[in-house]
Amino acid sequence: MIVFMTDWGSSHYVGICKGVMRSITNDEIVDLTHSITPYNVREAMYILDRSADWFPEKSVFLVVVDYGVGTARKAIAVETDKYYFVAPDNGVLTLVLERYQPKSIIDLVNKKYHLGSSKTFHGRDIFSPAAAYITKGIFNELGTRLPNYATIPYRKAHKSNNVIHGEIAYFDRFGNVETNIPFSWIVEKDSVNLKIGNKTYQIPVVETYADVDEGELLVHEDSTGYVEIAINKGIAREKLRCIEGCEIEVHI
Amino acid sequence: MIVFMTDWGSSHYVGICKGVMRSITNDEIVDLTHSITPYNVREAMYILDRSADWFPEKSVFLVVVDYGVGTARKAIAVETDKYYFVAPDNGVLTLVLERYQPKSIIDLVNKKYHLGSSKTFHGRDIFSPAAAYITKGIFNELGTRLPNYATIPYRKAHKSNNVIHGEIAYFDRFGNVETNIPFSWIVEKDSVNLKIGNKTYQIPVVETYADVDEGELLVHEDSTGYVEIAINKGIAREKLRCIEGCEIEVHI
Amino acid sequence: MIVFMTDWGSSHYVGICKGVMRSITNDEIVDLTHSITPYNVREAMYILDRSADWFPEKSVFLVVVDYGVGTARKAIAVETDKYYFVAPDNGVLTLVLERYQPKSIIDLVNKKYHLGSSKTFHGRDIFSPAAAYITKGIFNELGTRLPNYATIPYRKAHKSNNVIHGEIAYFDRFGNVETNIPFSWIVEKDSVNLKIGNKTYQIPVVETYADVDEGELLVHEDSTGYVEIAINKGIAREKLRCIEGCEIEVHI
């Protein structure tokens, strides 16, 4: 199974890549999501990490999310015990490869397994064919071995005494703020003090939006087990004036 | 075949659930739509009812649309002669089960067929596995039998003399107003008097938007055979100041 | 394989048509895109033409994009050496059939292969069944032979001396302006003079948005090999005040 993830929205680029893959393999193609915020590698890193475990063994994750065009990055394929990953070497695999150790990393330079030679549509010409060939048992042939892969710095969640440090992982489509702090660390609290930038907010820990008044901040568990900061009928992202990767402190 | 319907938009939650199902079954998964207005159970009820008949016998409809998180509802699976339905027991099956009589209703409480124990992602942990297991012939084992299922009140369309009573079913993405009145009941009229709230509008019955001037109301047949109220190059929803479930009267 | 393309967005109409097709055939259905601008036949014409080649031989393209409801057009199926096309006879196949010569054109009038008799949902009742039956080897039976198909006028890109003539093909979701001029014709230039309407702009030819200041126009290669006009962090469509089909001149 190929699990396909991009920041292309609902454009025909997604369809074209499926056509390309289907010319190489009959393996099933499942869309993880194509709604990553354009160029938001960090968001893609988190969403891939929180989604991967739910797919069957031997799935090939095809992740085409990169910084703006024109930056030169390698295209890589990574084999792990459970999964394969095909992606630009821009750090988007940082989190997932902490949990699934790479057995082999390939720089996708073998033009025999490329299509065309577009400088601007690597998704179609390099990444999609690579994912398709992997389902046919072709991996080492896709290029040359690399000793390592790129990572992006992030603030791993950690606790010291009564303070939890973490970061803004991403925003969902409603402007809710997703963090990388496990909800289990605060589940027994009635409220927490959240520090972002030089501001501190006291926020109730609740089950659902309606547990606070309209316009009020709340903290609850998101669907994947992490702390989410939201506003009942409001947009937490705007209120907190923060960006992805921004440091947060939770005092419990 | 599993027919999948949610209010999650194009988020990765859809992809995760497909991964979960694919770990259990190889049966095909077809998206009905994921663009139900968030938490709009009534809209989902209507769209499911207008879509179901077009799918092959034995299809399993996986419907994950619920009111806000935090409300305690059963998760159910329903067997009928033609189809299976898996959904929260919140009334979303009201219409479809009027036409497909339930042979058996199961409360999905058997944890052996759940994944994880998230309080917030029942789509992944309870509903998706249930739909997948049904395609493997597992149904009664999913939980305990229930004598009945929840329904939501709605105004069934009916005619008395020259007055048709019905309701607003839902709004489409352009703000057109979809009703539950069969178009065949008014097809021979040149115009109708539509009463919503305490206002009455005389509206021409036409074939297409362009048959009235820009900004004018019109009534025509929607794609599924019901009366739709629209404005040529305008937003009928705003003009009529109505909500889903709102009573309408059509004088013919 | 059926390759499915509409202007229906993420609505349940797409799902319903898949149900209809699945009742007839088990052949795979791949979404090309459902995000064509509503009623924009010219945009669909270009996107189909730029996407088709990437799909395997014998693919059946199901293209349901038409001008507003109420206009009477034939529904046709076209056989070519490589592909099949099913579409309204409104010119949406103009470009693709220049490259894939029609061997046979069928007017889809055989009601035996229709579903229902809706006047408003030909996608479900005529087009989808036709595409599905073609995968079962049924083609001539779908209707009667036609000698020809409709085309829409467009300005084919051509070069004379130092002037290239072409047109606006479509706009992408960010308001970038896609033309029908091959980028290879200007690849060696540092800048071009672009004439739209009675205005002329001198625009640098660059690799990426960030190569010009914010708010400045740029020309670069789009993902499918054509000249794209964009503004770094801006909306070229608004600045250039143009519509699809609008003539452009590039002086090199």
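A, B and C label the chains in the order they appear, each numbered from 1.
Convention: a residue touches a chain if its C-beta (ideal position, glycine included) is under 8 Å from a C-beta of that chain, and two chains touch if they have at least 3 such contacts.
Everything numeric here is computed off the predicted structure, so don't read it as measured data.
Asks: How many degrees of rotation map subunit B onto its copy subunit C on CA atoms, rounded to the nearest 5?
Replies: Here the rotation carrying subunit B onto subunit C measures out at 120 degrees.
Asks: Over half shared or under half: which fits the residue numbers at the contact of copies subunit A and subunit B, same or different?
Replies: Different, since under half the interface numbering is common to both chains.
Asks: If you average the Cα atoms of subunit A and of subunit B to get two centres, how far apart are those centres in Å?
Replies: 32
Asks: Mark out which residues of subunit C touch at least two other chains, giving numbers and ranges.
Replies: In subunit C, 9-10 touch at least two other chains.
Asks: Within their complex, state which residues of subunit C touch subunit B.
Replies: It is residues 9-16, 18-20, 22-23, 68-71, 118-121, 124 of subunit C that touch subunit B.
Asks: Flag every residue of subunit A that touches subunit B in the complex, lowest number first.
Replies: 1, 3, 5, 9-10, 28, 30-35, 47, 50-51, 54-56, 59, 172-173, 207-211, 220-225
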